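Below, subunit A partners subunit B and then partners subunit C, in two separate complexes.
So, the complex of A and B:
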């Protein structure tokens, strides 16, 4: 059976191109970036000096960096939780049979399918202070509309609302697919036993959906954490540094203030934080998963 | 599904409440988009009024402004070129790797597969600074090869994972027959496996294209002027020092920008779900 032997090393040839590309544009840049992060490398200056861990030390003394980090974690947790709850709720409603079901289910995914840049632009229009339809609707209820993108704390709320609006359909979609693939037997048993709708939801539906929901939560957390385009288009991190997230901080430090060493150090901090968050989430979810 | 439906409808809520909630959901997710479409048909005078006008005399001014803009058309073409080229490369390299991980005895195979997928976790900002410097050193900043290279790399992890799933679902017997006939694995791959995996390749390609035409950060930093794709072109309409946001024009442009991804997404919705969950949802 010569082909079995041949398969042994041929397999490596198949994955080699992919690995080479990942090494060139991921592994090597990360190594390069770590070296830069130990220097005071600045654009326009020919020489960079080795300064050890000074950049990291400075970062922890920089209130703007710490605030950006806390803000990013805050937005991530709030946005993912709200998206999750709204998505699951709307999926439960949409899973009912009604006329035009398929059409509505597709149309409702629209916010997720249009590019984030366009989403940012749409909400820029919604939050516009002078002639926005959103503020007009709020005024109809007799409430003074907030200065959405200029007066704290509204900019951060406005940006988070946009993020939630765009990605709630993701959970709707995940939950709808999950609900459609649920086995029938437990429900038949529960109905025979006379269980109520809530009991069925908590004891059967939710536990059965859990594995899928965990993947959904993980994916969303990773993606909200890197939030950049929405904020960049809507506020550029402003007013001041008020909506600056870690991505915005790295961009601003590197490409506007041109401190590439410092920017590399903060991008490394970002990798560390998202790794920790992922590990916490996986552990938390494992515990929830094993309980139910 | 039946009993679950019944439990929801009889236990949870009354009919009217159901339709009210349905309309609210629909309104919330749809209204901002509809308002953007309406705004794209308004002149500035009609946009800058309070109360906002729902009924107005529509104009095509913004649309003709955007469509006549040579810069915008060039950016649009750039997006299609960059997206198309990257998709082809992702499919070739990704399906090779996916096939290798699906079919061959490779040491620490699961670890390699997870390492590849874990690249999806890394924020793009974390590598943008070194890549920016390296691209200047390699003289590929703001060129097609540069941005295509980046998009190929960063869409590979999910593509490999998706393709691996598709290949694992295929029956292995046909390939084994081809191998025993004496054809090399490469020949068997192209003659037997690729035709069978065509739906998978389409799904993977559609998803990758969708991700690329919607991407902003890499394009903004690494392809800012000469090969600027259309996702970055929105910045043309944002306020600069001397002028305010051109809302009418921006809305028309926004609709055009969203269109390619949206069409692809609506037609191939199922594939999109698959890609967004790394193949966890079929």
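So, the complex of A and C:
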């Protein structure tokens, strides 16, 4: 047993339980689903045949899948950008001292605490043309309200607004914690040098916050890319396939059509796209890190 | 030392507890597990399971699920041969997968054996064909039955001086008069959302125009026929007289819209009359509605089939449970809670006088409604159909575009399942 206590091996021993769990819960399912993606496995059929990359080839020929992918990327970019801008803006306002600050901070976090299913149901009612409070408010300005969930392009806008409403508080929280931890010295120096508020924001606040913001962007981007529950409840991917995202496509292919081979292949396509986007952001993060 | 003793003591206590629980369970008798859709009729059974237990000594455990989860649970149960559920509630088109694959038990002999008690001839012949038989053998008993139905506001139709429409032309003629005389009332409402509801209605409509969605002998898709063209054209015409948001309406939104007195006609379900429009707590049109067959003569049949898992170790007990679920006495007790498959209930004049949904359902069954497909890719076919019809209703595609796309999709599906062989 003496050898096992040697420093170079004992470390491995400590991480072994974690590695075993990781292999069982992450590596094996990934391997299993990849293997399935190379077959024509349909749930309920007794046999699955190896078909190589045929599922992947079929996916690229399927206009519904391609449209779903483009739509998912579009929703991700718009939602994350708007959440970022609104979150940063609200954090800058909330970081100033004012009466009822704590109450406002708590209230602003509420959407994020609600289950996405409930959020989707709330907005589903808000978008109803017959009794929607949203449409009532729009009509007050003398404008005809849109058919939020049924007439293109509004369904995409509708689900993106819902996603933004729910997750903007995440950026608010990230930015607030970042602002609270910023050093005071650069601000004091800037004020002494006569910098304007705008200059202070662009030259000091934003650069110092950037590493934290990029991590927030990364988390949200991965999350929005998998958007499912809101769309499933509000439109089920409709009208037609107009709001079908990649997750909706995977769910439909796997759990309604039972084509688990094809669904696994489309899941892998999701992983590939999201990995590319993540790598770009991580490179950006590293560059910013080395600059600062 | 003290730890070792404590450990041994805990182990001993655990062992005694496990043995005791096992003995108690063995003494209690057989337990069967059932998967149910989470609906009021099924909840009613749950409340009355004590009666069955008292009658047979068999304990029943029920798990409730939503539509899609129930399908997944049953599928995993059968495909994995887990035997988790002895009795499964299947949407009857699922018979094309579950019964075809031999996952459910063929109890034809038991039906014959227990004929006097079960009274199979009391089940409407058309209901037997749709919900009970697969390839001529008994696999299920019908429960939670319903069909598409057409409802009108009698007060409005009295004022415009028209009888209940029986054709689509009559529907549009009535719609014109309603628009003139009742500008605040929407002529017709239905489910336009991209889900199974619009697909079921489309199948009914197409049937009314003289064709099924595919050739039942050769499985050739029939979306290139005049019937399909008429069906999609009809959706486009209906969209013009439906509520603006109807392309997003599911079943509940549609029930509510008509219950609130906002529409003069609705394409809905047989049970909607009694359950929604006749409910004074939720409806402003109590006593002002009438239901019947779909205009154009095509109505689709919905509903569920209760089946026994072939992996069940308690098939006899499961059969006893099925008989109890749909016994003539039980059907009479549940007369207000969904339509009955039994002639002794739906054809009973006293019942018909009191329960409008039973009368409507009997009329629908007598007119031979169209069945949903009972083949393996049923849900794939239905999903593509719902997408196509919803595209037309929402103005995303023209009827011609939707129909052509659907024909190609159907062809791919039928070919991939080896059902259709291209000449």
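Here is the rule we go by: the second predicted complex is superposed on the first by the 269 of 292 C-alpha atoms of A that agree within 3 Å, B and C clash if a C-alpha of one lies under 4 Å from a C-alpha of the other, contacts with A are read in each partner's own complex, and residues count from 1 in each chain.
What we mean here is this: contacts are C-beta pairs under 8 Å (C-beta built on N, C-alpha and C of every residue); 3 or more make two chains touch, one makes a residue touch a chain.
What you see is a predicted model; the values in this text were computed from it and never measured.
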item	value
Subunit B versus subunit C as contact partner of A:130, first or second or both or neither	both
More subunit A residues in contact [subunit B versus subunit C]	B
Partner chain in contact with A:111 - subunit B first, subunit C second, else both or neither	first
Subunit B versus subunit C as contact partner of A:235, first or second or both or neither	second
First, second, both or neither for A:44, with subunit B first and subunit C second	second
First, second, both or neither for A:250, with subunit B first and subunit C second	first
First (subunit B), second (subunit C), both or neither touched by A:152	second
Residues on subunit A lying within both footprints (that of subunit B and that of subunit C)	128, 130, 255
For the subunit A and subunit B complex, residues of the former touching the latter	3, 6-8, 10-15, 17-19, 21-22, 24-26, 28-30, 32-33, 36, 90, 92-98, 104, 106-111, 113-118, 121-126, 128, 130-133, 136, 165, 168-170, 173-174, 177-180, 182, 184, 187-188, 190-191, 196-198, 200, 205, 212, 215-216, 219, 222, 225-226, 228-229, 232-233, 246-247, 250-251, 254-255, 260, 263-264, 267-268, 270-271, 274-275, 278
Subunit A contact footprint on subunit B (complex, rising order)	1-12, 18-19, 21-22, 25-26, 28-30, 32-33, 35-36, 39, 47-52, 93-94, 96-97, 99-101, 103-106, 112, 116, 119-134, 149-150, 152-154, 156-157, 160, 179-180, 185, 210, 213-214, 216-217, 220-221, 231-232, 234-235, 238, 245, 247, 250-251, 254-255, 257-258, 261-262, 265-266, 269, 272-273, 276-278, 280-281
Footprint of subunit A on subunit C - complex, ascending	68, 72, 75, 79, 97, 101, 192-195, 243-248, 253, 257, 262, 376-377, 379-380, 383, 387-388, 390-391, 393-397
Subunit A to subunit C touching residues, read off their complex	43-44, 127-130, 147, 149-152, 235-242, 252, 255-258
